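Read the structure below first, then the notes.
Letters A, B and C mark the chains as written, and numbering starts fresh at 1 in each.
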Amino acid sequence: MIHGILGIWNYWIVIILMMTGLFIVISRHNLVKKMVGLTIFQTSVFLFYISLGKVQGGTAPILTGIKETLYSNPLPHVLILTAIVVGVATTALGLALILRIKNEFGTIEENEIAAINTKENSQ
Amino acid sequence: MIENLAIENNLPALQVVVPLLLAPIAALLTVPFLSWLVAMAGALFCLYSSITLFLKVSSGGTINYYMGGWLPPYGIEYVIDGASSFMIVIISFMGLIATIYAYTSLKFEISKNSQSKVYGMWLLALGGLLGLVTTGDAFNLFVFLEISSLSSVTLVALGANKDKRALTAAFNYLLIGAVGATFYVIGVGLLYSVTGTLNIADLTIKLSELSDNNAVKAGVSFIIIGLMVKAAIYPLHIWLPAAYTFAPTAVSVLLTATATKAALYVLARILFTLLSNADEFTHIILQWVFLPASIIAIFFGTIRAIYENDIKKLLAFSSLSQIGYITIGLSLGTASGIMASFIHIANHSMMKAALFMGIGSISILSNQRVKLNSLQGLGQSMPITSICLTIVILSLLGLPLTIGFISKIFLLKAVFNHGNWPVLFIIVLTSFLAMGYAWKLIEQIWMKEPNENSIKFIEKPSLYIPMIVLAFLNIVLGIYTFPVVNGALKSSEAIFWKVLS
Amino acid sequence: MFETNLIAIALLSPLIVALFTLIFKNSKNLRDSLGFIGALISFYASIKISIGVLNHQSQSLFLFHLFKNLEFSFNVTPLGAIFGLVCSGLWILAAIYSVGYMRGNNEKKQTRFYSFYALSIFGALCVAWSSNLLLLFIFYEFLTFATYPLVAHKETEQSLKASRLYLGILVGSSLLFFLPAIIWVWYSTGTLNFVHGGILTNSFNPGYAPILLMLFIFGIGKAAIMPLHWWLPAAMVAPTPVSALLHAVAVVKAGVFSILMVCCYIFGIDFISETNSSNILIWIACFTILMSSIIAIQKDDLKARLAYSTVSQLSYIVLGGLIATQYSVIGSSMHIMMHAVGKITLFFCAGAIYVGAHLTKISQLDGTGKKIPIIYIAFAIGALSIIGIPPMGGSWSKFYLMMGAAQSMLTVVIIILIISSVLNAFYLLEPVFRAFYNLPKENIEFKVPQLVTIPIIASTGLIILLFFFYSPLLSLSMMVVK
C-alpha cells in the first residue's frame, strides 16, 4: 500500500504545487505575488505532463545516433514547450498590467486598490 | 500541387491565419486609419470565407482540413461541419460589425498613439476566436483559448484611458482566465494519459469504451470547469461584469458577441460530441452542474440588473442571465435543447452588441459613464439611437416578431419536450422579471422630458449605422426565421450524434 | 382574388395612417383627419369581408411560412368578422371624438397619440383575423406594447405608475400562463390553427383540459378576470378617447375575443362540456361579475365606475364561452358588439363632461342635466343597453346569454345574471338621475366641442339601430356554433 502511495510520488508533487499556486493566487493581496502563484500553478501542470511522458528506462527525447535507445514520449515535451510560451506571455502581460496599475493607483495591494475605488466612486 | 495552394481549398486555415498575419501589420502601421483598413480587410476576408465554408457544408458533408498535410491523429486537423461553420459565420459577421463601429468609437476612447496597436490586438482576438471554434485538436484549442484570452485582456485594459478600473478588471480577467485555461490543460493531460491521443474525433472513439475510468472523469471535469470560466457560467463569471463595464465600447461589443459564445460552443462540443457515448456521466454533469448553475445565473443576472444604475454594468448582468438561458438549453441534453441554445447564441450576439453600441454612443458623445438618468428624454435628443435601442430592448424581452421571441419559443418548446415544468416556469418568470430593468430604460428614454443632466448631442452616422443594421436584423430575422433556425438545426445535428429525441 | 386583398386593405389602412401621422406631424388638420379616412377605408373593407363570411366565402390572406406548419396568414372566422366590424366601425367614431377631445383639452404629444392609436387598431384587427393561435399571441402582445404610450400619455407620475401596472399584469399573465398554454397545445396537437369545432378532441388528454383552460383564462389578462383585473381601473388615467376605444372596445375585446376563439376554435364547445373543464372557472367568472358590480356602486369617479362595469360585462362574455352551449356562445358573440357600442357611448359621455367642465366625479354632476341634456340622454340609452332593456341592442345579447345559461341548467348563473343586471341599473343610471333630478350645487358652464357631440349621437343611434337591425349579427354569431 505504501508502495502504491509512494509509487505515484510525481502526482503528489504536482498536486502540492498546484494547490500552493492556487492558494497564493486567491489569498495574497499583492498583485505580483498573485502572478507568482499563477506561475507556480502553471509550472505544476508542466511537471504533470512531462512526468506523464516518462517511459521507464527511457532517456530524454532528443535523437542520439544510437539505434536501440529508448526515448521518453516526446509529445508532452512539445506540448509543454507551447504551454511555457503561453505562460511567458501571460506573465509578461500580467506584469505590464501591474506596472500600469502601480502608475494609476499608486499601489499594487488589492485591498488598497479596492478601497481607492470605493472612495472615488461613492463621491 | 497547385490546387493545394488554391484559396478555396485552404479556407479553413486561411480563416485563422489571415487575421493573425494581418495583426502585426496593423500594429506596425502608424496611421490609425490605415490600421483600421487592415482590420476591415481581415474582417471582410473572414466573413467571406466563413460564408463560403458555411454554404459548402450546408449542402452536405464535413470538411476536414489537415494542417500541413499531416493526417490525424498525428497531425492537427480543422473540422468545419454544420456547427462550427454556423459559429464562424456568427463570429465573423459580428466581428465585422464591431470593426465598423470601432472606427469612430475607438477614436474617442483610446489615445492616438495606441490606436494602431489596438487594431493589431483586435485582429489577434478575432483570429484566436475563429481558430477556437474550428480546431479539431484538443491542445490546439488551448493555444487558441489563450490567444483569444490574452488579446481580450489587452483590449479590456485599454479602457484605462477613460476609467482606470479597467486595469483591475483586465488583471482579474487575466488571472481567472489563465487559471481556467490551465485547468483545461490539466484535463487534456489526463485524457491524453488515458487515451494517448489529442485529436478530438479520435478521443471520441477512444473514450467511448472508457467512460467509467476515473482519470477520464477527472479530466473531463477539469476541462469543463476551465471552459466554464471562459463562458462566464455562474459561479465562474466574476470577471465578466467588470470587464464588460470598463472596456472600451467597441471591445465590449466584440467580446459580448463572440468570446463567451465561442466558449459555449466548445462546451457543447465537449459535452455532446466528445462524450457522446458516456451518457451517465454527461447526464450527471448536465443535471447537477449545468442546470443549477444556469438557473442561479438567470436569477442572479436579472435581479442584479434591476438594481443597477450604471447602464453598461446592467447590460453585463443581463448578458449573464442570457448566457444562463443558453446553458439551460444545453443542460437539457436533447437535440432540440441544443438547437434552442444555438439559436439563442446567434440571437443574443445580435441583441447585446446593438445594445452596447447604443449605450456606447451615448457615453462617447457625452464623455461620461451612462447612468440611468443620463438616458432621460433621449427619445427627443437622439431619436435614431433611441428607436434602435427600443427595438433591441423589446427583442431582448421577447416581443413577438423579433429574434428574442424566436429564441424564447424554441427554448420553451425544448424544455417542454423534456417535460421539465419547473424550469419552464422559471424561464417565463425570469423573462417577465427582465421587464424590471428593460422597462426602466424605455421609460427613461421616451416618457420623460430631458433635463440638464441628460445628454443632447448630434448623432454620428458612423456610430448608428452598425446599430441600425443590427436592429433591422433583429426584426427581419424574427420574421424570416429560416437562416438562424436552419443554421441552428444543422449545428445540433452535427453536434448531437444520437437519435433526435 | 379581390376578396383576399380586402384583408390587406383593412390591415394596411391603420398602418399607413400611423406612418403618415408621423410624416405629416406639422400639418394639424391633415394629421388629425388621417384617422377618420383610414377608419372609413378599414370599415368598408370589414363590411365587405363580413358579407363574404355570411355568404360562406372564405376570406384569407397568406403571407409566408413561419415555422414548420405554422403560417403567417389571416383567415376571417365569423367571430373574427364580428370583432373586426366592431374595431373598424367604432374607430370612425373614435377618430372624430379624439380630435374634438384632444383639441378641447389642449393635450400635448398629439402626434404620438394618433400614431399609436392607429397602430393599436392595426394590432386589434390583426388579432381579429389571425388564422392561428401563435399569430394571435404575437399581435396580442403587439397590442399591449402599442397601447402603452397611450396609457402613459400624460407622463405624470401617476400615469407612469399605472402604465407599469398595466404592462406588468398584461405581459406577466401572457408570459406566465398564455405562452406555456400555447406551447402545450402545440406540443400535444402539432398545430395551432383555428378550426371550427376545436383541435384538441383527439389529441389532448382530457384529464388535463381543465388546467389548460385555466391557463388560458388567466393568461389572457386583457379579459380582466379577477384577480387580474387591476390594470383596467388603473388604465383610466389615460385620456378618454383611449379609455373609450381601447379599454371599452379594442384591448378588452381582444381579450374576450381571444378567450372565445380558444373556447370555440381550439377547444370546441363540445370538448369543454365533455371534459367539464370550465366548472371552477364559471364560478370565478360569476364572482368577477358580482364583485365588480359591487365595487362599481361604491365608486364616485365616473370613469372608475365605468371601468368596473366593463370588468363585469367582460366576464359576461367569458361566461358565455365557458358555459359552452350554443345559445351562450351566440350571446357572447353578440355581446362583443352590443357592449362595445354601449360602453363607448358611456365613455364618450364621460369624456364630454370632462372636456366641457372638467368634472370627473359623479357627485359633481348634480343638476347638470339641463345644461347638456343630449349627453345625458345618450348616457341613459347606453346604460339601458348595458342593463339589457329593449329597445336597446344590448337586450338581445343578454337574452341569448340567459337562454344559454338555461340551456345548461345552471340556475345559479341565471340568478347571478339577474342580480348583476339590477346592480347595473343602480350604478349606471345614478349619474343620469342625479343630473336631472337633483339640485345643482353651483352654476357650471359646459363647453363641449361639436366634434365630441357628433360621435356621441352617432353611437347612441347605433345602439337603437342594432336592436332592430340585429339579424346580420345574429347570423354571424350562429355561424360560430354551427
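The criterion applied here is as follows: a contact is a pair of C-beta atoms (placed from the backbone, for glycine too) under 8 Å apart; a residue touches a chain by one contact, two chains touch by 3 or more.
Predicted, not measured: the structure shown is a model, and the values here were computed from it.
Contact topology of the protein chains: linear, an open path with no closing contact.
Each chain gets a centre from its C-alpha atoms; the one nearest the centre of all protein C-alpha atoms is B. Chain A and chain C have centres, each the mean of its CA atoms, that are 70 Å apart. Rounded to whole angstrom, the centroid-to-centroid distance between chain B and chain C, based on C-alpha atoms, equals 45 Å.
Averaging Cα coordinates per chain places chain A and chain B 28 Å apart. Only residues 64, 66-67, 72, 137-139, 141-142, 145, 149, 152, 155, 160, 164, 167-168, 171-172, 175-176, 179-180, 183-184, 186-187 of chain C touch chain B when the two sit together in their complex.
Residues 139, 142-143, 146, 150, 153-154, 157, 160, 164-165, 167-168, 170-171, 174-175, 178-179, 181-182, 185-186, 189, 192-193, 198 of chain B are the ones that touch chain A when the two sit in their complex.
Taken in their complex, chain B has these residues touching chain C: 394, 397-401, 405, 408-409, 412-413, 416-417, 424-425, 428-429, 431-432, 435, 439, 443, 446-449, 479-481, 485. For chain A in complex with chain B, the residues that touch the partner chain are 18, 22, 25, 31, 34, 38, 41-42, 45, 48-49, 52, 75-76, 79, 82-83, 86, 89-90, 93-94, 97-98, 100-101, 104-105, 113, 117.
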